[in-house]
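These notes are about the structure you will find just below.
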Amino acid sequence: MTLNLFYFLAFLGILCALLVVFSKNPVHSVLYLILTFFAIAGHYVLLNAQFLAVVHVIVYAGAIMVLFLHVLMLLNLNQDAEPHKSGALKFAAAICSGALLIILIASLKGTNLITAEQTVVADLGTVKNLGKVLFTDYLLPFEITSVLLMASMIGAVMLGKPEKNQSTE
Amino acid sequence: MNSLYVICGLGLISLIAELANFKKQLIPIFIVGILAAIGLAVMDWGTSLHYFSDMAIFDNVALSFSILICATAAFWFLIANDYFHTETHITDQAALVIFVMAGGVIMASFNNMAMLFLGIEILSLSLYALAGSRKLNLFSNEAAFKYFLMGSFATGFLLMGIALVYGATGQFHLDKIAASIAAQPELPGFFYAGVILIIVGMAFKISAVPFHFWAPDVYEGAPTLITSLMATVVKTAAFAAFFRMVWYCFPAVEQTWLLPLQVITVATLVLANVTAVFQSKVKRMLAYSSVGHAGYILLALTTGGTSSAGTIFFYLAAYSAATLIAFAILNRLELATNFAEGSFNGLFKKSPFLAVAMTVSLLSMAGIPPLAGFFGKYLVFVQAISQGYVGLVVVAVITSLIGVYYYFGVIISMFFKEPAGGEIQVSSGLKLILSLLVLVLLAMGILPDLFLPL
Amino acid sequence: MQALTNRSKVVSNKQMTFAEKMYLPAILGGISITIRHLFKKKATVSYPEVKREFSQVYRGQHVLKRDDKGAERCTACGLCAVSCPAEAITMTSAERKKGEENLYREEKYASTYEINMLRCIFCGLCEEACPKEAIFLTDRMVPTDFTRNEFVYGKDKLVEKTDDRVDVTKRQTKAVLDFKKIKQLSHNR
Amino acid sequence: MKTAQGIPLDYYIWLSAALFTIGVLGVLYRRNAIIIFMCIELMLNAVNLLLVAFSNYYNDAAGQVFVFFIMAVAAAEVAVGLAILIMMYRNTKTTDINILNRLKW
Amino acid sequence: MLTTFLIFFPLLAALLLFAFRPQSAKAIALGASIVEFSVSLIGVFTFDKTGGAQFMVNVPWIASAGIHFAVGMDGISLLLVLLTTLLVPFIILSSVESRYDKPHTFFGLILMMQMALVGVFTAADGFLFYIFWELALIPIYFICLIWGGDNRGKITFKFFVYTLAGSLFMLVALVYLYLQTPGSHSFDISALYAAGKALPASAQSIIFWGLFVAFAIKMPVFPFHTWQPDTYTVAPTQGTMLLSGIMLKMGIYGVIRWLVPVVPLGVAEWGSTALILSVIGIVYASCIALVQKDLKRLIAYSSIAHVGLIAAGTFTLSKIGIQGAVIQMLSHGIIVFALFFIVDIIAERAKTRSLSELGGIRNVAPILATVFIIVMLGSVALPLTSGFVGEFLLINSLVHYQIWIGAVAGLTMILGAVYMLTAFQKAMSGEVSYLATGFTDLTWNEKMVLYPIVVLIIAIGVYPAPLLAISEPAVNDLLLIISDVTAQIK
Amino acid sequence: MIDFLIYKSILVLIIFTITLVVAMYATYGERKVAAFLQDRIGPNRAGPFGILQPLADGLKFFMKEEIIPNVSNKFLFIFGPCLAMITAMMAGVLVPWGDTLVIGGKEFSLQISDLNIGVLYFFGVGSIGVYGIMIGGWASNNKFSLLSAIRASAQMISYELAMGISIIALIAVTGTLSLKEISAMQAGGVGSDWNMWNIVYHPLGFLIFIVCAFAECNRAPFDLAECETELIGGYHTEYSSMKLGFYLFAEYINMFVSSAIISTLYFGGYNFPFMNDLGLDHNTITILGTVFLFAKIFFFIFFFMWVRWTLPRFRYDQLMNLGWKVLLPLSIANLLVTAGIALWLDK
């Protein structure tokens, strides 16, 4: 059952991911990416990380992709305005990433991990559990994240603000 | 850690300045704050404190790099003083620069992959925005954009590497990863893939060949002062992080990454220096030279083991000081000549002071004694030779000769070519700062012991 | 500048106080106003079942009056057409033949008389202009229809039926008649 | 070598390697800046998936916590990235990265 | 203390010039250099002629890297320091101030140059030697760049890269040696000697080449000489004087002090090659000098020839050879300075240096011609001139080394005589060229420079013994260090 | 297992039906309320008091001609309203419509699923709800629709933040994300169990939440995405027949679900005062509770309408200012204060 679910989600994820890359229309790409994200969210649920799954949906599907779509629409890129990329370049890209895949897959051969004590903690992905780790061990990174968000906020606002003296430059 | 608090606080102050309208006093406040941060870092010297369940460790290496970052930033602010009077989004940009510093300090002191990641991102995100801060300038836009795309792409690799390493060891802490590596008789194959991916990701960040191709564009496109920030503070932070990463975390699997890194080193040295020769714009030349210097630091990194921190520190300090001078002057000239090409022509006649300062800076970068750059190179070479990497050193020597070629191109044009345009006035403030930096270069060259804490 | 009416208000541009800026009192006020309307008497009239009373001077569909003997008052003088600001009225005149005296009051009459109800603005100027007290606006409503042509009302619809007289006495008060008299006099002078 | 739900861990590694590679492919293959950007997001998500799988395998919440950080950063990155994109678009009216070759490689 | 003063006094003066930009820069510079010369004379007189290195100063400089500020002088050093301090006042005196804008910079750079040169000749620490070596490069580079002739950008740059390339290899070699020193490493000269000697022959060969290339470029020895004629031509005369008069000697001094004793086995292995290269250089340069049209260029090539001879003599590793080299360094320094000065005078007045355009100067400027011929004879090593002493010793040593090499090297005297006298004849005698009309004879100023030089040339030629005595113990020490190796070869 | 599935299916079916019916009658209610607030009567022809009006409307939607613009993206054009509908329906899963019913010794919960991340689920579904509008607006290939889609996305993102933070303040006190547990915590309200409704503890949070809920539902005064004066019909300009109906329906379902969530989070859900003092048996209380919940929901639906006919629509910049410069700081302050007090009391 779960394995079948896994296969389905994996298939969906990879298919949609490929469609993201090969769709002519950017908006379609965005939509396929959203589907991919949902497939990944499904994987999270399979992996007992419900909280993460929901957060994933909220953050990626709910915020990030909406922003993408927003920008796409704002810039009105619904026609495929992408110029033709030379075949050689595409070929090179395909070769490069293919090589990367092969390397990654090859490196996975003979996977033997340290066998952790397999006491299954079912509530690993609960808010409580995650919160505990986040606010004890990972407190500093958590706080640092605020600096990060602050920086990105200032950056985005600065770039977004229209220039007052447009004629000077 | 205390200095990190101070720096983050400065970021907030910068934002408050916008609200409370004390922008004029911002730079002095920053300088004082940064000095305080440096002071706090100095007070922690030798304590090697661990913070927040080992998320950050401020040992001497971290402290020294933090101090370097702070000091460079302080000089940067002094140089940028004028800039901050003319630009519009003063407080935003100032805050972003402060955050760059914060990211740098985090990168210098991380002990957990999460900290590294966040540090890199704080630094990078701020820089993406800063690179594009000249919003109506297409070059600036393009620089920001390229930097952003490449930076995120690199982050992807870095993260994949971290994930794979986590998969193999079950840890994010550097020391625990190292322990886990030591404890496991046989590591899974993807662990090595992870290490390589991390290296690739970091190589992007330090712009080592062949992951450097974004650097010249970005350096050229970004506003000159921001470029100087990238070339100094960012480079320092990136190397500090790189050093920690490879020598605190992966020393046991040296055989995996050392050779690739050395190949990268040679490629960086040769390609960057050779390409720099063919650049017509000084800014672009400096960009390539910056990549080239990354090669020398990489040489120190790969040959020195854990003891290479001192060498890296010294080299970075020397390089930062020289780069600050060069970019400050470049910036001044851009303002004076309105971004005309060949603004360095006949600078000696237009402003002898700037010409001499620039010469000192370039000589230092070229590694001419008795300036700091020479001693930096010297330390690198000594270290490499003592570890038996004579071949690498010979390559480095040849490339540094090539370096002389392009640095002297600028010097020749300053002293030899006919100037266009009238004299260039230099404010006494800038003069003072530049003189100070020149003195630093001289002092580092003549009394390097003072600057070799590690 | 002198105020033209006493209805104008002086708008103040003073800074709003914090409480005002919050808008909450204003919103609450608005909300309470609307909720009060919830309980107010409804203004709706369920039309077919209940009909609304018209005012005395309501101006509805036109009628061409006949005199007491049943003869049409209209002499096709054209003053109504001239006075019509919407140019909705057209007519052709004809001479009264022998034996038609009971049909038309005077020697001349309108052989056709058309009002385009789509053009008509129900201003009542035709009524005012009419020297023969022939045309009146009534409290009847112009019914709806499906084609445009149907809205061009001819004499078949306008002239009052002899068996279904329209009462226009309300419009022929003394004041009205006096007014018309004066107008006539002044015109003749 | 299985996760708590009985799915072999290898499968997850392969899956996420595949997604990661598709992301890389997209970055190299496409020219449209927004799509490149999305492909980078895809790469990050592959990493997230991998981290969650490992976290599940090790019974270690740290992996999932790390995913949080990645998500936060991704959101921040998107904000800045799109701001840059829009800024650029205002000036050039295109998001084709090849227009950006005034600064030569 | 004396050495330290000799090093830092010019620097101080230079910095003062830079900082205060006085009007009378030349006078100040001249004064400073004369003070310097007097102090060096004190050195000469207080020098213990039997002892080894003297006036030692040794303070730790970069303690962590085992680098000391160690300076001192033995006989060889002393003579070269003397040469430096002697020539610099003359060089300053010879300059026509008005020709150079920013004179304070110009003279400041010359003084800096002097500081670096003295440093090179006195350094007793490998690192310090390298620093001074490089430091000597910068002022002369700027002198040439700012005040040089046409196309100076490219040519001076070539010069700079050449010499820097060499010195970087020297640095690598020194660092390698440094890392061979025991314990916490040291750059001390004796430690380096010991470290070098302990190395196997193969390693020594590599180091030999690393060091030799640097020195060879500086000297310059064929085939590393290509920068030299252009640079000499393009440099302002004072620059050329510095380059040829003193800087050349750095290379030879390097060979004597830093190459031969450091890697004796390497020298044994490759010394003959170096020697042959030097000899090839002699012949080659002389042949080229024969066909030169430009007077300054001609002297430049003659300089290569002379230096080749000195180098060859040095590589014989015999006492006569090295002694000859030392003397010839002095003599060549003085002579070549004078030659360049005279060329400058001619060029200044006739506005050309082309031999074919000159002529008949003897008729209008007899004193100049006289001085010129004396100096020229010194250059071609006529007996009783200083040139003769050095060349005689050198060729003697070469003949001892290998008879046919001596023979070939001896050619240089003949060839030298040929091109020098041809040049003299073309420039000085014959029809009075249109360019020579209005040619005035030596001014008071120029006489002040040239007369003492002429006196010196003749004095050394007649009585070289004191000089030889000064350098003898040092040479003996040197030979002692390499004695076992030389013994092996024999 | 089978029992469970059957029971759940039935529950789903019931709730589905109820949702639809409520949404249907919400359209009727809207018209009626609008009429009343404007001193009118409203629909009263179809059936007594116009009670069959929704059916008539529905019939009309079905009977109308399907128009799909020629240049639109056909699939997405149809997919948009479907997505809007689906996401709207999905949120209802979590709401605890009542306590448990005990039938034959077995407990049946009146909640379809009690996820331990309930609030977040609601939030997530809400955040993807905007796709329906965006896709529909984009696929129409109409400038006005596109503008509307852009507005909708920007609005949604802006208000999600404040909403999320205001919820977090609530969660910080309740300590759970499960709606069921949050309901249970407010049992009674007034009476023997002295559990205040959350509105008492979080008045500001409630205010922010409800404002954001308005915005998330695209209801006036936040209905910029469909403001007819500027954008004709906004994202559904090109829509007709049942596809338009779906959009309208989705809006009312959203309203219904939002009201249900507001009632659950801040107004005690299915709890009512004195519920345990009346001496009623469990099932009765449950059923009464459900009735009370619906009463609360209907009140809030009424409130939605009430506000719509009271307040004028925002201008776009005002909308953004409100979201970013007022609600967001307020919600953060609220969070801080709440957390501070919670900590203080905890100590």
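Here are some notes:
Per-chain residue numbering starts at 1, and chain names A, B, C, D, E and F are given in the order in which the chains are listed.
Assume a residue touches a chain if its C-beta (ideal position, glycine included) is under 8 Å from a C-beta of that chain, and two chains touch if they have at least 3 such contacts.
What you see is a predicted model; the values in this text were computed from it and never measured.
Path length between subunit C and subunit D in the touching-chain graph (shortest route): 3. With chains reduced to the mean position of their C-alpha atoms, the one farthest from subunit C is E.
Taking the mean of each chain's C-alpha atoms, the chain whose centre lies closest to the overall C-alpha mean is B. Separating the CA-averaged centres of subunit A and subunit C is a span of 71 Å. With each centre defined as the average position of its C-alpha atoms, the distance from subunit E to subunit F rounds to 94 Å. With centres set at the average Cα position, the gap from subunit A to subunit D is 5 Å. Averaged Cα coordinates give subunit D a centre that lies 65 Å from the centre of subunit E.
In subunit E, no residue touches two or more other chains. Within subunit A, the positions touching two or more other chains are listed as 55, 63, 67, 74, 104, 108, 111-113, 116, 137-138, 141, 145, 148, 151-152, 155-156, 159. By the definition given earlier, chain contacts exist for A-B, A-D, A-F, B-D, B-E, C-F. Residues 76, 115-117, 120-121, 123-124, 126-128, 130-131, 134-135, 137-138, 141, 146, 149-150, 153-154, 156-157, 160, 177 of subunit F touch subunit A in their complex. Subunit C meets subunit F in the complex at residues 27, 30-31, 33-35, 37-38, 40-44, 46. Interface residues of subunit B facing subunit E in the complex, by the touch rule stated above, are 348, 352, 363, 368-370, 374, 378-379, 381-382, 385-386, 390, 393-394, 397, 400-401, 404-405, 408, 411-413, 415-417, 447-449, 452.
Here subunit B touches subunit D in the complex through residues 113-114, 117-118, 121, 125, 128-129, 132, 135-136, 138-139, 141-146, 148-149, 152-153, 155-156, 159-160, 162-164, 166-167, 170, 172, 190, 213, 216-217, 220-221, going by the rule given at the top.
Across the complex, subunit A meets subunit B through its residues 103-104, 106-114, 116, 136-141, 144-145, 147-148, 150-152, 154-159, 161, 163-166, 169.
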